[in-house]
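What follows is a pair of complexes built around chain A, which joins chain B in one and chain C in the other.
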Partner chain A sequence: MRSLNEFNCNNWKSKFYFIFLLRSLSRYDQKTQLRGVNSMEGLVTQIQGLSGTDSDVLSLQNLLKQADDSLHAESTRLLPFLDQLDPAKHSLGYLYFLEAFTAGPVTNEHASSSVLMIARFISSCVAEQIRLAPDKFISVCKRFKDQVLLLEEPLRGVAPMLTAIRKLQSSSEHLTALHPEFLLLCLLSKCYKTGLSILEEDIFEVDQPRDLFLFCYYGGMISIGHKRFRKALELLHNVVTAPMPTINAIAVEAFKKYILVSLIHNGQFPTNLPKYASSVAQRNLKNLCQPYIELANSYSNGKIADLETYVEANKDKFESDNNLGLVKQAVSSMYKRNIQRLTQTYLTLSLQDIANRVQLNSPKEAEMHVLQMIKDGEIYATINQKDGMVRFLEDPEQYKTCEMIERIDSSIQRLMTVSKKLNVMDELMSCDPLYLAKAGRERQRFDFDDFDNVPQRYNI
Partner chain B sequence: MASSSSSGLTFKLHPLVIVNISDHYTRVKSQMNSHPLTSTSTTVNGVEHQQQAPRVYGCVIGIQSGRTVEIFNSFELLYDPSTNSLDRTFLEKKQELYKKVFPHFYILGCPLYVLLNPTINPAQKDLPVTIYESELHIIDGIPQLIFVRSSYTIETVEAERISVDHVAHLKPSDGGSAATQLAAHLTSIHSAIKMLNSRIRVLHHYLVGMQKGDIPCENSLLRQVSSLLRRLPAIESEKFQDDFLMEYNDTLLISYLAMFTNCSSTMNELVDKFNTAYDRHSRRGGRTAFI
Partner chain C sequence: MDGEEDTSNPMMEANGTGGVDEAPLSSTSTRKNRPIISGEPLDIEAYAGLYTGRTKIKRLIFIASRCDNPAMQLEALRMAYDEIKKGENTQLYREVVQKIEGRLGPNYEMDAAWCSTIERKDEQRKEKLESELNAYRTNLIKESIRMGYNDFGDFYYAHGALGDAFKSYIRTRDYCTTSKHIIQMCLNAILVSIEMVQFSNVTSYVSRAELTPEALDPPTVAKLCCASGLAHLEAKKYKLAARKFLEVGPELGNSYSEVIAPQDVATYGGLCALASFDRTELKNKVIDNINFRDFLELVPEVRELINDFYSSHYASCLEYLGNLKPNLMLDIHLYNHVETLYDQIRNKALIQYTLPFVSVDMRMMADAFKTSVSGLEKELEALITDNQIQARIDSHNKILYARHADQRNATFQRVLQTGNEFDQDVRAMLLRANLLKRDCNLKASRKV
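Moving on to the complex of A and B:
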């Protein structure tokens, strides 16, 4: 307060001071602008010089980190410098420049050229160099995705994004932040097959939990699109049972689809989440997806008419979640369930009988359903067309072929690798200080007959 | 001592006795190795050992019903080398104790003598245990009690069999610790197959060398190899193939199941630990078994 009084009193002095400050600042600005361009050129030459060996690249990285702010300041004027650099040889330097260049807002006209530039960079860059600056690479690729979506051509982004993932991953078991972006592009461009290829890989390392949630959710949707319901169930299950300290929206949406897919694939929905699901999920998910739970309940009663009326009544809710298609598939899967139930009671049945029991309209429809199920391998039966009888058979697998041996053998091998990894994780967990603290506390309470001194706290 | 018994008594020996005796002997011997003492040797109504090795003594107890003598158990006796006699009070105390536990048994004393030879003779197939009984024989006109060797059978109860089996496998083997029978069996099969594999490899190497011309051709060896090969495969029929593959599949499925169970239990423990460590509202109060 006193200083302000002083300011008012010494008005003319402060004004003078202020003007002096402004002028010096403007001079400074001019100097920095000049220095900016000069430093850019200097930086470019340094990049060109230091991109040879690994040690050079590391020192280059330090230089680039220091110059990062000035790069961002000059973002609009970096284009000519980009042309001087070769993305294949000077990947790291190019990456820094590119990231600063794309940081600013991009218009539609620029988007197209920028997309081309980034795609070319991704395909020609060197993996080792860009792995030194993964965040920059990820942000460049994310902006690439945004621009591709802006242009409404998601298909253009699918292949480059896949290349980007392969270059960023340290191993095929590593889930990067680019995986969900890639799957999103596949979904939007309806390019499901490419997406499926990446879903087949087992994941053991995750950078961010949000990546895993999104990846599995999108992966589930892609698998549903390809009618691979078993894979979809597995992926959605991962989302729903992943550790989460608080409930998140991705898990809620995934849970809705999970209920529907499990009805389609298994014919039933397990009412309780397994014990490895987080307690947050176990308590809250069901409340947030009430209409779907009731759908599952009415499904389990086995009456198609009731199910259809329920669906009609709640059509809007399902539609707003974009799940109406899945719901309709679930309803039609009810027929399959009922036919499967028949195989457990009858050995032979006429098509008319099947139609009556399963509430189908005609024996022809029943025949179509049964044929489809035989083709999909869901039941084993033979249809005698002369008298319209269906005979239900046992699983013809005798387990005495060499192919079966190979299948079991490969499963055992996979199981052995998983078992080794689990043991490693188990050991890591046992040494985790958080775990030891809590375990020590519980143990102390219950060891009445154990008279040795149990430590109260593990002070680490 | 006479060659065979003619008294008509049948003897039944329980393996517990043998284990007891050998255990006592081993203990004494190892104790002797730690404190070097002169080896003693005396005879008693119990066990006798070779010269230079310590002799241990004990009593056998059992039941005699008619002509059948069944030796159930034995216990050690304290021997005093200075006075060359057994500790009487100890004997009486032990006898009383055993009487309480096994009221039917009584010391099979005078007519009986069990001998265990601790030196291991690998050629010998039978147990180095012999039973002698005392008989009245006329030798040189004087009636004398001498010990006569008699035959015996080993009889066990189920519980004994388990403990003896366990003891038999407790001795450390030179390779790994093949504690269970199955592991020992599989290890032996594995080593056999390894040996077979190395031999075949030697033959193969030799044949390749012969083919290349490095080694001069030896027809007799070639004939032997070809006759060996012609003996395989031993059985070639569809039924065999079927059964063989089915059994192979079954074994694979069982090991698959075992691996699955193993993996699931590890996963279960891991999940429990994870929930304890990181889940804020995990249920408390349940006593979980973790180590």
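Moving on to the complex of A and C:
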């Protein structure tokens, strides 16, 4: 292009040419803008057109993947397009747009409206379509959680997150990355019952080990909050014995709670982790949780006074771990265990005697403890206040009712299902080529034939 | 309780004809009618008269160290001194003189001249024995070598060098030709091991001796039974000890006075049996045992207390036990087992008392056992917690109610619990397996 100077001459041709150039430049700009908007519009139309059948949706997915970067580039201007799409019919497209839209930083005003939008999307989207892009869905939901927390209204997030989990899961045994987020919301909003419902399901497939650790840890905390100590023990046990290449902080915190719950539920703490726990855990966990191990030792000695002094001395450490409440429950569980032992030896016992034997301060305290235990169903007894006597009764359960038979029957059915699953997995594993290769290399060789190679994959 | 009746030595009477060691007891045979181990303060002279040799001295020293009564102490030490002077053990002599501390007057002081004479004689004898033994060894006459080593063993034993004595006796093993020799070696080894308080050797040599039954005559069999009984007692295996002591035949007589007296056999056997046998065994092996009855005649208090226990007169049984205790604490083999045996006997008595009843009034039971109700309650609580008595205490009315565990309910509970544990374990296992598989797949895909 010639320099402008050359057009300074009063040449009508050059003026014309110059004006023509300017106009074409602006038209170029407009065109690209228009093309940008047009490409969005084109995308929207394509989404609307291709969301009908499954094969269409697959080709749509390819298109969307290619258009992903441009979507992210236009993230601030996607709002009007979102209104054109229907989350129920065009879930996949909507998801891509939504993910790009929420990628940027969000302020408080925007947070509340985007929270609404995401919640509506989650409730109305189609599961099959979003499962084609699980990562996007997960990141959208995670941002949803962040925004809900930003607004300090975790309760708003509980129900949508539950729906999200149900839609993302390929089966009820599948643990997604959203499970721990959901439990976190339940914990923060103190809505434990909803959390418990998810904990009742059995988990077998896991995407990321970190999800499992967090899920079991939060699940343990929820169960503790609901006083379901057996379930808590099971969940925390899973964290502590899971395969771990290196020690992680979640396992350490879980171990601390595991010791305390084990004392409350079983009255004792097994000094060694089971053999199937990872070697990393076996070596390191105890060293990192020394005050709790000391607490467990003191508990097993049986002297309440010593236990209480130890707790007092180390109160700060327990408090900094947020475990002080649990520690106090452990101490009171010791009284309970001592009283339970008395039921094995005595038929009736005076409250004064109970107070003496269990090292309580007065018969009134003994009465309170016994009353609480009767209410919780931990012992069967009647208190005669006139004589100051407690009469211990037998467990009235006779195992003769229909409910009991049903319970036993359903237990048997469940065990059979689990057993079958185990057999299936065993068979699958025996045919797995990786396993066979490893086992084949390390097997004993007694005969000439044993030196043959185990069938490997042949690259023909 | 006391032996005022003038019964002559029943062992001699019962086996008047048979091949029994008819040799009379030592000078205290006139006193044989009074039981020596009884509830009365121990008659030291009579007690010491039961034993000979080194064990007599050791027992006297032990009594002196354990006894509170200074008169008895001095009496024991005096007799020990006299006994040692008859022998050649200067080491024990020094020990006893030190313990006497000059309290017995000038006759019982350190006789240094005697010591040096003995030691000189030692040296000479030892050289002589050594030269003899070397001569025999060069001549390779088995019998002489064996006797040479035996003499050495006897020499060392007399001088208190027990380890060397043991080694010498053992070395005769290679030169033993007849089973009689083997038996002799075993008996010597057993004797020295008992003195050294190494009862593992005792057991092994007893079994070794029992492998040659053709040379075993009844007194030897009895001796071996006593020895193994002592070994079991030391190892706290009271049931086995009782069985062994009860097998000792009357042929023992006084032939094993270097180790044990028949009174001891009766006492140890009786107490261990009472502490460890159940009722049927007690009846069959102790009360109806004719041979053992003769032994028990020597310690009538033990006989009485066994009978009382069997017929449920617990108060008098426990009273006899209490009376016997001070003297039993002076016994060199039994003293550290007395407490355990007594506890076991008392617990058995308590359990046996409650066994036939559905409900027991604890006040009457406390009377029967001569203890307070609260003390009894504590003892019963310990037994119930230990699962030895199946009962529950009604502390308000002070009644003990028998309670039999409901097997059916317990089984149901266990079944449900096992089911839950199985479920939990398998699910956790499947989860872990899936995690491991995922890791393996990741690693494999990374390698590829």
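Operating definition for what follows: the second predicted complex is superposed on the first by the 385 of 460 C-alpha atoms of A that agree within 3 Å, B and C clash if a C-alpha of one lies under 4 Å from a C-alpha of the other, contacts with A are read in each partner's own complex, and residues count from 1 in each chain.
In the analysis below, a residue touches a chain if its C-beta (ideal position, glycine included) is under 8 Å from a C-beta of that chain, and two chains touch if they have at least 3 such contacts.
The shown structure was predicted, so the numbers you read here are calculated from the model rather than taken from an experiment.
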item: Chain B versus chain C as contact partner of A:T348, first or second or both or neither; value: second
item: First, second, both or neither for A:M416, with chain B first and chain C second; value: first
item: Touching partner for A:E397 - first (chain B), second (chain C), both, neither; value: second
item: First (chain B), second (chain C), both or neither touched by A:K275; value: first
item: Touching partner for A:E128 - first (chain B), second (chain C), both, neither; value: neither
item: Which of chain B and chain C A:P243 touches, first, second, both or neither; value: both
item: Partner chain(s) touched by A:M425 [first = chain B, second = chain C, both, neither]; value: both
item: Of chain C and chain B, partner touching more chain A residues; value: C
item: Contacts of A:D56 with chain B and chain C, given as first, second, both or neither; value: neither
item: First (chain B), second (chain C), both or neither touched by A:I405; value: first
item: Touching both chain B and chain C, residues of chain A; value: 243, 276, 398-399, 404, 408, 411-412, 415, 418-419, 422, 425, 429, 434
item: Chain C residues touching chain A - in the complex, by the definition given at the top; value: 381, 384-385, 392-397, 401, 406, 408-409, 412, 415-416, 419-420, 422-424, 426-441, 444
item: Partner chain C, residues of chain A touching it in the complex; value: 202-206, 209, 212, 234, 237-238, 241-243, 276, 341, 344-350, 353, 387, 389, 392, 394-395, 397-399, 404, 407-408, 411-412, 414-415, 418-419, 421-422, 425, 429, 434
item: Complex contact set, residues of chain B against chain A; value: 242, 245-246, 248-250, 252-253, 255-256, 259-260, 262-263, 266-267, 269-271, 273-282, 284, 287-288, 290
item: Chain A - residues contacting chain B, complex; value: 243, 245, 275-276, 278-280, 398-402, 404-405, 408-409, 411-412, 415-416, 418-419, 422-423, 425-426, 429-430, 432, 434-435, 438-439, 442, 446
